[in-house]
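Consider the two complexes below, in which subunit A is the common component and subunit B and subunit C are the respective partners.
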Partner chain A sequence: MIEQKIVDPDYLFFEAQRTSQYITGSEAVREAIKRANVDMAIAYPITPQSESMHLVGDIYAEGYVKEYLRGENEFAVMSSVAGASMAGVRVFTATGGPGTMRAFEVFPTWAGARLPVVCAFMTRGINSPLTIQPDTIEMAYLLETGILMLHAENAQDLHDMLLMAFMVAEKTDVHIPVGVFADGFFVTHTRDRVDTLPEDLKLPGYDPYTAPVPVMDMENVPVRQMRDPFVMKSNFMSYACHASWQQEIDAAAERSRKYLRQYLGSLIDVENEDSDILVITSGTAVSQSREAIITAREQGLDAGLVKIKTIRPFPGEEIRALASKAKKIIVPEFNRVGWLAKEIRNVIDEPRKVVGAPRVFGGMTMPPELILDEIRRIR
Partner chain B sequence: MRDSTYKVAAGPEGYLPPAAAVMGVELPDPGQAIMEGECVDQDTAMKAIASKLVSAENPVFFPGPLILWDWKPGVAEKAAALKDLAEAVGAKMIPMPDYRPKYPMINPAIEVNPNHPNLTIVHNKIDVCLFIGVHCHYANIALKIIRGGTDCYTIAVCAEAGHEEAMISLRDAGICELQRLRELVIELKGGMSR
Partner chain C sequence: MKTGMLKISPGFEDIMPEEYRELVDNGPYGKNYGIGDLGSFKELLEEHPLCAGCGLALSLRLTLASLPMPEETVIVGSTGCSALAFPQVALHNIHSLFGNQNAVATGVKRALKLRFPDKEKDVVVIAGDGATADIGLDMVMQSWLRRENITTIMLDNEAYANTGGQESGMSMPGTVLNMAPTGKKFPKLSLPEIAHTSGCDYVAAVSPAKPKQLAKAVRRAILVARKIGPTYVQIFSPCPTNYKLNPKETVSVIRQREKDGLYQTKEFISEEAQAFLNTVEEKK
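Right after this comes the complex of A and B.
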């Protein structure tokens, strides 16, 4: 293990000299976690995530992660992660697809307990018949769990978003979990150029004593025997308290916007924003859309691209402003239900502008020609 | 939906008020404070806090576990400064020692609980309250419930990022801010502390 120096996150993210490596998305996870000053990582395998936590295990063996163990299953992993976080350590895990669904009960619990867990979700199909192939449908289910959701377009995004996620998650006024989503196989198992950070630098450690809830510390006052006592009784005040508690989780997500803008630069990236046709999407669908738009513009078609980086909090005001100028909006997605198109329709003034297509799922690829066809069809 | 005109004012606002942050109220940057949903400079907020405390009929401080326990260096000194401030104001102290709801009910004469703070506010006819040393999550829940169900004016002296659920909130507040508040209170009272 290389001796690491703690540096200011802004220096690490924006000033430190980077080195270009040709690595997979799973290897990008390893490189990020190596510099993330993680106390504990808990693993359980599931395709296409397995390799990433395997590689985190490798850097545990080298001394970059203080503790690492395998859970009994995904529910156990996510519950153990919750316990570790309540105890005041920085914790990381990853899952995907059916693993996400198996652990599902725990995710809103993380948010409700104000746990700054960072979890990578390597998305894949979940329904029968069995598929291990790329699909973003699990994101639809996670939208209202209280977890902040960042969607990586590529391995570089995955690397950077993971590191930034710890810093956002642990802000006192935010302090809720962050999921960093990457499209399985397309990002996890393909090699790409990733600008990684110096190996001898790492993030500052987590200080649980600045948390908005007491850390579970039996040796120091103010001591707590349990983190979140039941507020549930059959009276109005109990209901009002529970409702206010849930509202406070929403408030925490709202407060994350300024930190996400600080670290990501913006919640969305826009290319050719004054175009008649805007293609708005997230994840690897952005890369496919970019290719389609290059061809479209070469052919004289006026199309622009909006890359959504944060699904929660959703960049509603930004999308609404852009949509007001566009004549049509195309939303390509790697899932059956079109959750992103629904999200966009919900925040714009003229939902009929949104064309929820092309849409592929079950592991199908999305050739740029499909998006190009859609641009031609609606222009 | 975010609404930039939303005001964080004394209630009762209603059955279930929205979280101020969701209505577009943003926490202040370092060096600033928040007053009724608007960011202001810290000195303006301090003067407003002093004025509210001095003009209140029954001001009460709610110290939480972070200042009730001597759990890290500097806390005991901060607690002493808070006691000096309370004496200058003539405010009572009702502690929030714990966050667990108590059933069938707390004794509202001597304690306050974040899960049902209205009981203490109403029982003691508190018109201005000051939160300090309460973990931010619990403070926000309590402040919103108070805003929803009472006409009590809420102040939060926060050591972290502040509270948009309070009508006035300082951020990064320590001993210096408590001492400055005491000076302002004494000044408003004509140079004499009670």
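Right after this comes the complex of A and C.
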């Protein structure tokens, strides 16, 4: 293990000298976690996530992570993660697809308990019928769990977003979990150029006493303290407490926008924003769309690209403003249900502008030609 | 808990509730009290909301009064009747979900070991029979197999009482309960034996009919979990409400069951745990 120095997050993210490496998405997770000053990581195997947590195990063995274990299933792992977080440590885990579904009951409790957990989701199809192939459908289910959701386009995003996620999650006025999503296989199992940070630098550690809720360690008052207090008694005060608590979690997510803008630069990236046709998407579909748009513009077709980096909080105002100028909006997605097209329709003034296509799933890839076909069809 | 951490800020003495002032002035933190001292100090459990004659409430009072170091104890509970009492327990305690208590406790214990390497922090799971033997059995057993340093205490009222009296794995065979309309078709789960073979270094089955035995088991279980390995205590706590018992007969029901050979106290101690307990108990 290399001796690491704690540095200011802004220095680490924006000023530290980076080294270009040709690595997989899973290896990018290792590189990020190595510099994230993580106390504990809890693992459970599922394709296509497993390799990332193997590699986190390797850096635990080297001493970069203080505690590591393999849990017994994803529900248990996410529960252990909750326990570790409530007891005041920085904790990391990763899952994907059916693992996400197995753990599902726990995710809203992470948000409800104001836990700054960071979890990587390596998305994959879920079983209807069995598939291990790429698909982002699990994100549709996670939209209303209260966790923040960042969607990586590539291994570089995955690396950077993971590190930034800890800093956003742990802000006192945010303090809710962050999921960093990467399209399984396409990002995890392919090699790409990733600019990594110096090995001898790491983020500041987590101070649990900056949390907006008491740490479960019997070292802070009040001691008559249940995490989290029941607000289920049948009286108006209980209902009002529960309602305001949920609203406070929504408000915490809203407050994260300023930090996400600080670290990510913006919630969306836009190329050729004055085009008649905008392709708006997230994850690896952004890369395919960029290819399609290059070809389209070469052929004289006016098309622009909007890359959404944060699914929660959703950049509604930004998209609404862009959509008002566009004639048509194409939303390519790696899932059957088209959750992103629905999200976009929800925030813009003229939902009929949205073409929810192309849509591939069940493991299919998305050749840029499919997106190009849509651009040609609607222009 | 640092000495003097629990105090009332000057000027606020007269507006703090009486029960809180009592806790500050006469609570059990750092005092090494036991059940023999009940009545002389402010108990951790404040005015529980459980039913009249609730065996579980009695067991919980005795358990909380038996904690060897309440000032360093974090409790993980689960869904069920006991969860209704926990907001009134003057310890840091966690309710996460139904059945995941031992997985949560795993995270808590390992985190506290990291944060306080030079200090003992006892992590104690207290949950019902449905949470422990049915929905959470996977995670309960996995925590034993992984040799987590946590104490698991089951308050066994032989039913899902909070949801209205359904059959659990701990109900006696033949018992007619909700969801067992023609009587339970399989035996009461032998969880103490399962705990023993799963590697628990200390296992006991006790009841509030014998408070001293209960207190000793809880104390031993927590001390062994600290130093040696996982421990399990099962406390028979009859439910007057769902079993239609007279609330004043809770303890006599336990005695009758014992007389009929349908409830036995048990204790399994590993060699390593016994050697450790000998040194601890000799000192006393």
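Here, the second predicted complex is superposed on the first by the 372 of 379 C-alpha atoms of A that agree within 3 Å, B and C clash if a C-alpha of one lies under 4 Å from a C-alpha of the other, contacts with A are read in each partner's own complex, and residues count from 1 in each chain.
We take it that a contact is a pair of C-beta atoms (placed from the backbone, for glycine too) under 8 Å apart; a residue touches a chain by one contact, two chains touch by 3 or more.
Remember, it's a predicted structure, so these values are computed and weren't measured experimentally.
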| item | value |
| --- | --- |
| Contacts of A:211 with subunit B and subunit C, given as first, second, both or neither | first |
| Touched partner set for A:234, first subunit B, second subunit C, both or neither | neither |
| First, second, both or neither for A:105, with subunit B first and subunit C second | second |
| Partner chain in contact with A:173 - subunit B first, subunit C second, else both or neither | first |
| Contacts of A:128 with subunit B and subunit C, given as first, second, both or neither | neither |
| More subunit A residues in contact - subunit B or subunit C | C |
| First, second, both or neither for A:88, with subunit B first and subunit C second | second |
| Doubly contacted residues of subunit A, that is, touched by subunit B and again by subunit C | 214, 220-221, 229-230 |
| Contact footprint of subunit A on subunit C as seen in their complex | 1-2, 5-6, 20, 23, 29, 46, 71-74, 76, 83-84, 86-97, 100, 103-116, 121, 138-139, 142, 146 |
| Of subunit B, residues touching subunit A in the complex | 2, 16, 18-22, 26-27, 65-66, 68-72, 99-101, 103, 114-116, 118-119, 135-138, 140-141, 144-145, 148-149, 160-162, 164-165 |
| Of subunit A, residues touching subunit B in the complex | 114, 171-173, 175, 209-214, 220-222, 229-231, 233, 237-238, 240-241, 243-245, 247-248, 250-252, 254-255, 258, 317 |
| Sites on subunit A touched by subunit C in the complex | 39-40, 42, 66-67, 69, 71-73, 75-77, 79-89, 91, 105-106, 109, 113, 208, 214, 216-221, 223-230 |
